[in-house]
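Have a look at these structures, which come just after this line.
Two complexes follow with chain A in common, the first pairing it with chain B and the second with chain C.
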Partner chain A sequence: MSETTAARDTVDRIRAKLEGPNTYGNSKLFWVGFAVVVAAFAAFPLTTDPYTVLQSSRYLAFAFLGLSLCFIWGYAGVLSFGQVAFFGVAAYTFGIIGINFGSATGVTAAFIGAVLVGTLFAAVLGYFMFYGGVRDVYVTIITLVVALVLNTFLAQTAGSEWAVGDARLGGFNGMTGIPDFTLGFGQTAFVFEATTFYYALLVMLVATYLGLRVLVNSNFGMTMVAIREDESRTATFGYNVPFVKLVVFTIGGALAAAGGVFYAAWGNFIDPTVFGIAFAALPVIWVSVGGRESLIGAIGATFLIERLRTDLSGGIGPLAPEWAQVVVGGLLLAVIMFMPAGVVPELDKRIKQQIAKRTGQSPSPTAAEEAGD
Partner chain B sequence: MSSSSDPTVRQTPAVAATGETTDAILATTQLTKKFGGLTAVDGVDFTVEKGEIRCLIGPNGAGKSTLLELITGQLRPTEGEIYFDGQDLTDLEPHERIDTGLSVKFQSPHVYENLSVEQNLQIPLQRTDRDMASVLAETLEQISLTDKAETTAGDLSHGQQQRLEIGMAITLDPTLMLLDEPVAGMSVEETRAVAELIESLHDGGMAFVVVEHDMEFVRKISDQVTVLNQGQIFRQGPIEEIESDDAVRRIYLGENA
Partner chain C sequence: MIPATVLPSQVYSLIAFLFQFLDSFGFIVLATVGLAIIFGMMGVINLAHGEFILIGVYGTALPFHAGVPLPLAMVMGVVVTVVFGVIVERTIVHRFYDRLLDSMVATWGLALIISQLLLIIFGSSLDSISTPMGNVGYGPFTSSIYRGIFLPGIALLVLAGLYVLFTRTEFGIKARATIEDPETARAMGIDTDRMYVSTFAIGSGLAGLTGALYAPALGSITPGRGSTFLIEAFVAVVVGGPSVIVGTLSASGLLSVFNATGSFFFGTFVGQMMMLVVAIVALRALPDGITGYVKQWRQRRRAEQ
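So, the complex of A and B:
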């Protein structure tokens, strides 16, 4: 077997795992485009100043939050307004552990511990909801309430008695002094700042995206889709639906928790607004616009909408910064009215329609030439 | 999941009408379901032999669907037990009962409308250890939907959706299939195709409990027929006996026997 055939076989095998009916982008063209975009993101820090790079890292952190909702909502049909709860709990936990144990090992432990706490919180909430028979819109309400309760609770922790060790919760002013993202053990340590932090998040985001692609295109992914499409029917095939939803919700919680740690490390700060209604609605907006059933759509929409919000926050011409909320809300309304499935699914549909139209209208070679310009 | 090796599993008690212990795949003992003042299923001893095709008939409201729902676990009995292949189903959740070898096809087509025919079959199939590609091809053939593998299930005709549903139930390779009105709304040819399918699966050893109103279909496939009326077993026997029984005809016309 020649080297090129062996290489092609490996590529095909990898693509087979990454591709399937549950993801958009299953062609060579998509992967080429994907590689170009990732390369562009990798080159970005070289073209700009560290401050801009730092600002962009925030979008990368948010992308994990967007992915967490896209995964549980787009694929398993669980609409949660509370992904920010796991995001925020992990952020605060990272702060608490990281401030108290500031060594490299301590901050590494803070990262792991915070993700574990956020994930565990999701698992416990998921257990009580799904095994308690809570379905559909009531999951949405309960998850939102959990976030709002955390918002209210943390907002009144201003006093100095509200501290865990050296870490003051800080009430509505939030927790300051949260360390940078650091990985290390003992003497060997690496502190991620500005550019290195950006690259660390980019690598982790790409890896997470690819990992989720494999997962949703596997049998487990098919199970999630079956539950989304018809939950009771799926149970009649022997699936333990509450258990599957619990696993899905827990994975979603882990993704959101990771995002929360990155966000806290990014700004060295976290405050209760992370649990508020305005922020809780954002992942829903990102995922709705990008395409609920599209992982890449969720990531793309998160970047674009957050970039838009940042740009608008300075105001445009006569528009005051508050108009940023109105613009984003208007964008959500427009998408839901005109392309309810979201941008990526809609684009995919249009492209396929164009291809079908061209191949359908080409009975003779000449017509095909005309159509295929 | 062999019942004889598990000491906690009770063996099937003697429940046949004659009182002898039988090789039953399904056996209920004094199964009763009450909804407040209404007794939908009343002391039913329903036994199906391994590899048998049993049709369950009776007027509307006789308790046929309730009986099926008790077997699948969607309803909890007020009294009585249900044994499947010697195993007491009482403590099993509905989804756990499927793993014992039971498969169900419900009355109204409940396919995954937005997914393709192939994906519809894949969902139950991936729960088993069977080879996906070959079983998919085989099942598509058995239900005559091979050329519709990529079609979205919601775009199929009613009869095609019913066949797809049967196909989905078959992929689990069950020992007993519960079919609730499998040929409702089907054309004559489709009904015949389903009858042939049931018979070929029956040749392979599969047992069936079929609730149906289409008497010609019942005549074609049944080994035995059980007539349910007002929650109780009214008559049981070969279809020829049942059909010629005046009392059975009367309960269908509304007079109490």
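So, the complex of A and C:
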């Protein structure tokens, strides 16, 4: 008997860290559903062909990029259109180090180095913006311009003088021969490719999601949300707003950078289109559609929209592949116009209203929220 | 009078640099002004601005290739863009006047749709239009009269016209009143809805004008050319700050000096990079842009007196 109470205590303690007002899905039902979905993802490679598994690995890599924007926009109100800059810089760095030092140790160092470079880049840019007092739409524009300039820069690196050691940047054609994702030191090495890469990404994504939930429900997360809601009032309470924003932006940069490394390792390839305006729009689309204040929504929308894009790129019915961008752009426009909070918050509201109606409580939002908890 | 043949080469270089500066200045002003009007007057950043310009380009190029004379084709390009802008304002943008970040996201969705539809309908490129007015040659250099003299001249005329429109006409005063305080403006009998549409239409018209003017100066016309204008326009709006005309003028002047210097000595790519570095440094020092700083400085002086 006492063993089960002890176990229940542990579960309650863990749940207390994971749950709070800043995340959707704070009920037993959610966690059961979450476990089922993760199990389904784990079983997925057994039920399908290697090509689909490979495609799904790409969605998993993109989910890190989606989470990075969701974290900074949804929780701190910093809208960046340039998360792809950190994604791409890390991808290129991974390629440069990985191609020059092809050993297991080298590629492991390339992973760490690339994430560090992407993170540092975000920190420097964030320092200039937040300590310079740059706010709101200006942050959004500057981040987008940074990405677009990197696009212009890398597009003109076709010549052989644009090489770092053995790694040629390759201009429009991109950088080829980037190694697979490898962890190891000296003789012990594990190369993640195909199915093992899928599992590695799945484990890291679940860990990242849970870690971010803990973070946004911590005191730091409360400060982030306070800044999102009212920046000047939060500053009046004595919080160092530029510092908090810088930390948030840097963490976001690190997440995007990790996604970039996984993406480069996935295709063994990276090209300047990751800095282009069409690719830069994707994280914004995923997060807007999924719900900017919902981490799980960002991941889910990343998967569904990327799946949709993959399907459309083969053409569906009368729709030729070129229509994919029109459909995705239209989806973004429609969600912003008719469901501004995004799909997950909308669903959450509906479900709570249903529960409230059934239990006979008043359907006012505060009562519904308490019922949900 | 020294005969042109014996002028020292430094003079030729100086003239060439001046042309480069004027070319760059005209481009930045024209790329920016439509975006700046909509941002400065309504607070909305139109991320589809590059695509609005592109509609002006296509609206000019298509009639031109069908045999319409270039000046008339340019007028058609502007008209098409204005009509399109009004439709977009009425159906989409007017919902977002109190949700600025959302307006950026929404117009981005619109931008993706427009550029892709242009690709689907008109194919991957239109034939280029040859630049009118010819070139002027001096020493080892040649410069395009159209890009180096005509377009910068138009850019200055546009700014002057906007200054007159927004400060000297009844429309301008009503429009500014609407932006300052919509409630009071409505109470004074101003149709604020109409003011928003008109301001957005003017911004769209200026984007269309830019597209029309650059249709013969772009080389190949592709659905991706919208982003050519976007970087310069964004940077200039951010550096210029809230005041539309003075901001656009001062930011364009500052940025084109650096852009021209970089382009002249090291090529266009370095020119663009130099412009960006200047923009980032300027923002670190003046987070509200040049005109934001001037405004603060004036207020401080007034407070001291």
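Just so it is clear, the second predicted complex is superposed on the first by the 359 of 373 C-alpha atoms of A that agree within 3 Å, B and C clash if a C-alpha of one lies under 4 Å from a C-alpha of the other, contacts with A are read in each partner's own complex, and residues count from 1 in each chain.
By our rule, a residue touches a chain if its C-beta (ideal position, glycine included) is under 8 Å from a C-beta of that chain, and two chains touch if they have at least 3 such contacts.
A quick note: this is a predicted structure, and the numbers were derived from the prediction, not measured.
Student: Let me test your reading of the model: by the given contact rule, A:Glu229 touches which partner, first (chain B), second (chain C), both or neither?
Tutor: After superposition on chain A, A:Glu229 lies in contact with chain B alone.
Student: For A:Ile96, select first, second, both or neither according to whether it touches chain B, chain C, the two together, or no partner.
Tutor: A:Ile96 sits against neither chain B nor chain C.
Student: With the two structures laid over each other on chain A, which partner does A:Asn240 touch: chain B (first), chain C (second), both, or neither?
Tutor: A:Asn240: touches chain B, not chain C.
Student: Between chain B and chain C, point out the one touching more chain A residues.
Tutor: Partner with more touched residues of chain A: C.
Student: Quick one: is A:Val261 in contact with chain B, with chain C, with both, or with neither? Answer first, second, both or neither.
Tutor: Touch partners of A:Val261: none, neither chain B nor chain C.
Student: Of the two partner chains, chain B (first) and chain C (second), which one does A:Pro21 touch, if any: first, second, both, or neither?
Tutor: A:Pro21 sits against chain B, while chain C stays out of touch.
Student: Going by the contact rule set out at the top, does A:Val145 touch chain B (first), chain C (second), both, or neither?
Tutor: second
Student: Name, in rising order, each residue of chain A that touches chain C in their complex.
Tutor: Answer in residue numbers: 79, 81, 128-129, 132-138, 140-142, 144-145, 148-149, 152-153, 156, 276-278, 281, 284-285, 288, 320, 322-323, 325-326, 328-333, 336-337, 340.
Student: Which residues of chain A touch chain B once you look at their complex with the stated criterion?
Tutor: 21, 219, 222-223, 225-226, 229-230, 233-241
Student: Touching chain A in the complex: which residues of chain B?
Tutor: Residue positions touching the partner: 72, 93-96, 98-99, 104, 106, 110, 112-116, 119, 122-124, 126-127, 168, 172.
Student: Taking the touch rule as given, give the residues of chain C at its contact with chain A in the complex, in rising order.
Tutor: Its residues touching chain A are 45, 92, 95, 99-102, 104-106, 108-113, 116-117, 119-120, 227, 230-231, 234-235, 237-238, 269, 272-273, 276, 279-280, 283-285, 287-288.
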